[in-house]
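Down below are the structures I want you to see.
Common to both upcoming complexes is chain A, partnered first by chain B, then by chain C.
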Partner chain A sequence: MESAALPVNRSKGAAPSFLGQLLGFNVIWAVAFAIVGYIVAHWLGGKIGANIAAEQNPGGTDQDDIAILLGLFGSIIGWMLGLGFFNYPLKRMLGRAPSLHEGVDSSTWRYFRLCTDHKVVAMQYLVATLFFFFVAGLNAMFIRTELTSSNATLFPAGNYLTLVGLHGTMMLTMMSAGVIGPLGNWLVPIMIGSRRMAFPRIESLTMWLTVLAGFVLLSATLLGGFPTGWTGYAPLADQARAGIDSYLVSFLLIGIALVLVGINILVTVVTLRAPGMTWNRLPIFVWAMVTTSILAVLAAPVLAAALYMVMSDRSIESTFFISSSGGSPLLWDELFWFFGHPEVYILALPGFGIVLEILPVFARKPLWGYRMAVAGMFGVALMSFMVWQHHLFMSGINANLRPFYMFTTELISIPTGLIFLNGFGTLWKAKIRFTVPMLFCLAFFFNFLIGGLSGVFLSDVTSDVVTHGSFFVMAHFHYTIMGGLVFALMGGIYYWLPKMTGYTINQALGKLHFWTMFIFFNLTFFPLFAAGMLGMPRRVSSYNASLHTLNVFVSIMAFCLGLSMLIFLGNLVWSLVLKRERASDNPWHSKSLEWQIPTPVPSYNFEQIPTITGDPYGYGLPEAPVVDFGRRGAVAAGEAGA
Partner chain B sequence: MRVRLLAVAATFAALIALVAVYVVYFLESGPPAVAAVINRDGSASLTLQVVGSYGNHPFPDWVSYLVKDPSGKWRHTTIWKLPAHELVHVTVYQFDSQTGLRNNFLAQVRGTVGGVATYTDVGNTGKGSGLPPYNNTSLSVIPPSEPAHTFTVPDLDLSVPLVGISDSTSNVCAVAPCPMHFAHTTISFSFRTPGAGTYRWQCFVPCAFAFLYGFGGPMQTIGYMDGLLEVA
Partner chain C sequence: MSIAPEKVGRDEPHHGRNIAIIWAIATAIMVPVIIWVVGPHIPPGSLTDDTRAQHAVDVVLTALSIPLLMLVWVYLGYAVINFRADPASGTIVDGPPLRSNTRIQATWLIVSAVLVVGLAAYGTVDLLTENGAGGGQGSNPLAKPSDARSALQVQVIGQQWLWTFRYPGYGGVETAQLVLPVNREIEFHVTSLDVVHSFWAIELGVKADAVPGADNIAYVKIFRKGSFQVRCDELCGLWHGHMNTTGHIVSGSAFNSWIHATVTKYAAVTKYLPPYSLTYYPIPTRNAT
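== the complex of A and B ==
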């Protein structure tokens, strides 16, 4: 537990001068040092690689992978050096006193450097993940533009695979951090009554590693691209040009960041809960973060190991995935999907948490089946490690294993179904307020239901034989990830951003964004089920001319979907940058702890560590106090507008 | 408000510029399309050379195709424009050494006019198979140990094995474009183009030296051993 009193040195410090900020450790120096780090390490790698002749290397790629990989690792060290991540351990080695309070002041510069204020880190995460989300979305627009023709006409055909790979990898990696980064880091400490995360410096490190991962992935375009899509299958990854090195290092960084952020959230929730914040009172969003963190901590190290193995195949003559030298390409499939399927739930579980957190607020009813929801999320987390081989039904696995994995995959729909029961139970006979966040949450159920039902066809071995590798699969996972996670994330952003930024978000533009996004999302992806059943393959820019009309229609709808995202972006710019209307402390009349503190939230969160006295979903129980802030007095449920 | 508006506009303009750079320098980057020479009778002539090592930036040791443009200049591209529904006369100057086939089926000449191709050895010091040199010899199949590469268009069921020079030849070209005094074989054939469309072609001999199983690198890069026929 934290000390209840506000430490003297925790108040926001005065900002140093502009010159002082500029010359201090910040992202400008990080970029400069990363470039220097790359050049130095690349030179060193070139010297080492010169002694390994290409013909001696069974996994050789006729390129200097040692130099490129070392260069990328050198840029990571330079990046961390420029941001000041080595200062703390160096100071500790020199005997200086530790500080939990680094880079926290009132200046705008705190957003461009290492900062231990979890709210600053969360805002950094939000901007970074949205930036990469839009970059990946732009690639999706280019993909759809190319598919308006049944032949590769717009871009050189060799670039199409890289385009698909960049879109997929960036969406998957950045969306892994899309909720746990901004919302997890911002909300978890406040929701449990803490002033900070357990490891504030590691929290900042995960954010800056995620940013670097995005740019390293983009650097693949300078190195010839990569042909593997987001799955990086061997032996294609062993054969690919140097762009795959960017993919490997980028994914490795994300894997490390996922493990660290998972450990940080788990330790924070276990050790820093306020008095009275029992496990039974833990907000459902925090439970979602806990289960997501468990998945991240257990699954991501396997991915990191597999990525390292490909790197060593490409650079130092190991043969993990080269069958002619005793390795096995199927080993990559196993290791990747052991991470890859839990990764799907690393994306889905935060969505469950957001939706179940928001529903009671706008249904004005307690969350129905709180314990069932927690059990459902743990059930999903546990079972997600038992289904990964359904991705390998067509990869030559032992046929006797197929029924088992078909069964477990179909079984996972039960804990997932519990989440639907919780949602519908909460909505039952409720007086629903159709606010923008609520609309996104309701759309989540619609989309995720279609995604889930189509998933049954893919879990079934016989139908998977037909649909595997087609646009049917593509439509399915877009319904679960975009229709699920991204809709939930949008709901979460509209819901919490007024508290996070202190400014209201325009609701009229928000509703326009919702309806355009919902309609055009469905018009984009639903026809792709049909395209898949008609034989439209994934990852190729040429397709049968009979599918041309369908693809043109889908592309037009996709462009409209892209426009809806521009409405969202315009709304953020209008509301947060141009208009800047102050938000009230609790505009949604929520009973959750984060809404009971002032807006904008002070850097220390709470003057005194609060005492939790009720559950956050006690709508309809006007006498129940939620929290005792000590000197500020208790906030009763009635005040929260039950 | 005005300052913020300007800042938003500047940011927006910078992002548009970045997107433009991304499109121009990455998405649209690739080898150019070169038209075949159109003859008076409407047919087309396509003159190619295959080299064991390109010898130039960015991948000097990659095997590659080159094409002669209508002005007679050798160009490093594998995207070729051909007229639809016309006869195309192809001449390939093949400067790379024999690697042999993994699949003997590809030793057949398929999809050409008459089902044959004409082979000539130039400056070769002897054939690995021990057979006499080719001298304008029309063949429908060649010994599977002799090909260095193939020119294969799966959509057209067109495939021609390209005989390699002998390993014992010393007069080997190392930098493209290769002058004709270096040892090479000459392969000629004709085929008829289908309707308008883009057709992928590929060398089917895993010839990417130092890449796993001979695939990867030039074998999967348009501009080297992989390309497109743009028929219009």
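== the complex of A and C ==
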């Protein structure tokens, strides 16, 4: 605990000159070193692999996976080197004193390198995940364009599969980092009254690994694409061309980043809470981050192990997934979904947290059933490790296990249902203000309910015989992830961005964005339940001609949904770049700690570590104490807009 | 701008009662509509015993989800209309500081637990009877039709990117055509030669993954003659979307004459096939795309 006791340096260091910044460690060098790293390691791998490949696969291998995999790992090392992640460990080995600060100054450069200010990391995360969100969204537009015809017309079959795989993998990886990265890193320390995360350098590392993962995934297109979708089923993955190496390495990077982010959040919440921040007063969003982190820490290593096995099958010709050599194709399915199901709750819990955090503010009521909400989140988190075989009902797993997994899957709807009860209790006799964040939260319940109810169909084995692997599943998980998580994230962005950036976000454009997104989201995805039940499998570019009209309708709605996302982008540009209207300290009149400190938030967050005197949900009791900032004080609850 | 607690009046409307009434009416209208108007159109039809079971389950589940859907919609709608702040007044008014209610929470828990246990029991019963027999059950089926012993065995072999079918009862003859007799129990044995595929015949209500080295069993009994679509339902590489074929359901006697003609036609080829087996262990190819 030596480092925790270190004094926090409140003054930002003087910024070096432009040339100094340019020549220092930053993302420009990272890109350069990553390319060099790839070339060097690829060359090395070619030397190592030459003999193996020739012996094992006479005439069979047309691409050298050892070289490519090593090359990708080389680029990871180059990337970290260029960003300066090895500086501190080296300096410490040479006897330098410990420090929690690196790269913190007032220049714009801090956004382009290793920086230990958690607010900077969060903004980096936000920009990065939104960037990849839009890239993946663009892929969805291409997919929907192809599906306007019942035969493959636009893309060759392989490219179409790559598009689907890129869209799915990028959405899921970036959105699993999409809340815990930006909002988690920004809010958790401030909400618990801390000046930093427990491991500031690891925090920055997770962010830069996530960025690299996005680009590595995109590099699949240079290596021939990959045919497996986001699920990477072996032995197809063993067999596929080199593009899948990018998928494997990218997913591995995300797995590592998830584990590190999880550990960081858990340690932060356990060790760095301000005096008086008891477990009973912890904001519900922080609880959501805690449970998400538990899932990430426990599930992602299984994914990493499985990915490693495929890499070794592909490079050194091991046979984990080759049945003729003693391996098992089902092993991948089991390992992948053992991670995969917790992963979908990594995508759900943050949404619960955001919604339950925002609802009380605009209902002007305390969060109803706080303890139940926490219990619900833990229930979901723990049970999500017991349901993964519901993805394998048709795969020929031991038939005797199917009733059990059906039961556990249906059981998990109980803790999920509690979140609805929390929401309803909070809305009861409320004084609702229909701000943009609130609209997104209300829509969350509407959408997530449809996602959840369709999940009941999928959990029933008899019904799943029809819907498994069809567009019904597609509609189901878009309703939970997009209708749930992404709607909540949008609400969170509209709600917290004024605090995070210091500028207000245009509400009129926000409402336009909300209504178009809500309407076209439902018009896009609801018909797909029918498409699935009528026999349309996932991941095909040619389908039954009888489903043509339906698909054309869906595609048009999807394009409108895409336009709605452009309204969102336009709003961000308008509000943050063009208009730049200063936000007040507490525009929503929230009682939560993050709104009681000045906007923009100073780099040390709190003048003095505050003393927490109540939970942040004391609505209805004007005097309910929330926080005591000590002698110097700050904006007290309630005085904000006066 | 000041923040004031709400003055609670005596003449408050009975919100709970109102919501319950609207919910009951909505449910009472919607459930019959779902069962009798929408229900008959829910896929996958009534061609086989499996599709009938699946259709029944889907109607039940849809009908069951209506009350829940209505509960959430009615509540949300009611709250949005009745529990809104007065935008005209400049003050921000707080709602009552309610934090929890043990009775409501306990009721909610109990009701959802009952629903879940009921659902799981219903689903399990289906799985133990023939109703759950259409999904791939692995090599040791739990749901076995009563006439499984006299069933016609058909092996379904998936490979990139086509389906072939072997009839072990007829010398293991292998053909690219799937022809099945009507009104007879059929026992599919699904396996694969390379990667994971999934054998999906939606009109039959059959879906079973084809996994290399594994034998995946599914049963069906077909009630009418006709034809049906076979599609691959697990991503298996480049031409996954084209791994389709059409199957035919014919009368018992037509099936007999077809299979005997096929056996004769392919006699010369069948000799050189690997002997019939539940699984095959081919050497996997690399980089087939």
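The working rule: the second predicted complex is superposed on the first by the 616 of 642 C-alpha atoms of A that agree within 3 Å, B and C clash if a C-alpha of one lies under 4 Å from a C-alpha of the other, contacts with A are read in each partner's own complex, and residues count from 1 in each chain.
As a convention for this text, contacts are C-beta pairs under 8 Å (C-beta built on N, C-alpha and C of every residue); 3 or more make two chains touch, one makes a residue touch a chain.
Quick caveat: nothing in here was measured; it's all calculated off a predicted structure.
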Partner chain(s) touched by A:Pro89 [first = chain B, second = chain C, both, neither]: neither
Touching partner for A:Val573 - first (chain B), second (chain C), both, neither: first
Touched partner set for A:Pro598, first chain B, second chain C, both or neither: neither
First (chain B), second (chain C), both or neither touched by A:Asp238: both
First, second, both or neither for A:Ala430, with chain B first and chain C second: second
Partner chain in contact with A:Gly229 - chain B first, chain C second, else both or neither: second
Partner chain in contact with A:Ile322 - chain B first, chain C second, else both or neither: both
Touching partner for A:Ala152 - first (chain B), second (chain C), both, neither: both
Chain B versus chain C as contact partner of A:Ser463, first or second or both or neither: second
Dominant toucher of chain A (residue count), chain B or chain C: C
Common ground on chain A, meaning residues reached by chain C in one complex and by chain B in the other: 57, 60-63, 152, 157-158, 224, 227, 235-236, 238-241, 322, 324, 542
Chain A to chain C touching residues, read off their complex: 57, 60-63, 152, 157-158, 161, 224, 227-229, 231, 233, 235-236, 238-241, 322-324, 328-330, 333, 363-372, 393-400, 402-403, 406-407, 410-411, 413-414, 417-418, 420-421, 424-425, 427-434, 442, 445-446, 449-450, 453, 456-457, 459-466, 468-470, 533-535, 537-544, 589, 617-622, 624, 638, 641-642
Contact footprint of chain B on chain A as seen in their complex: 54-55, 57-63, 138, 142, 151-153, 155-159, 163, 221, 224-225, 227, 235-236, 238-241, 322, 324, 542, 573, 577-578
Chain A partner contacts - residues on chain B that touch it in the complex: 1, 4-5, 7-8, 19, 22-23, 26-31, 59, 61-62, 79, 197-198, 200, 208-213, 215-217, 220-223, 226, 228
Residues on chain C engaged by chain A in the complex (per definition of touch): 1-6, 15, 42-44, 50, 53-54, 57-58, 61, 64-65, 68-69, 72-73, 75-76, 79-80, 83-85, 87, 92-101, 104-105, 108-109, 112-113, 116, 119-120, 122-124, 126-128, 131-132, 134-143, 190, 194-196, 198, 200, 202, 205-209, 211-217, 229, 231-242, 279, 281-289
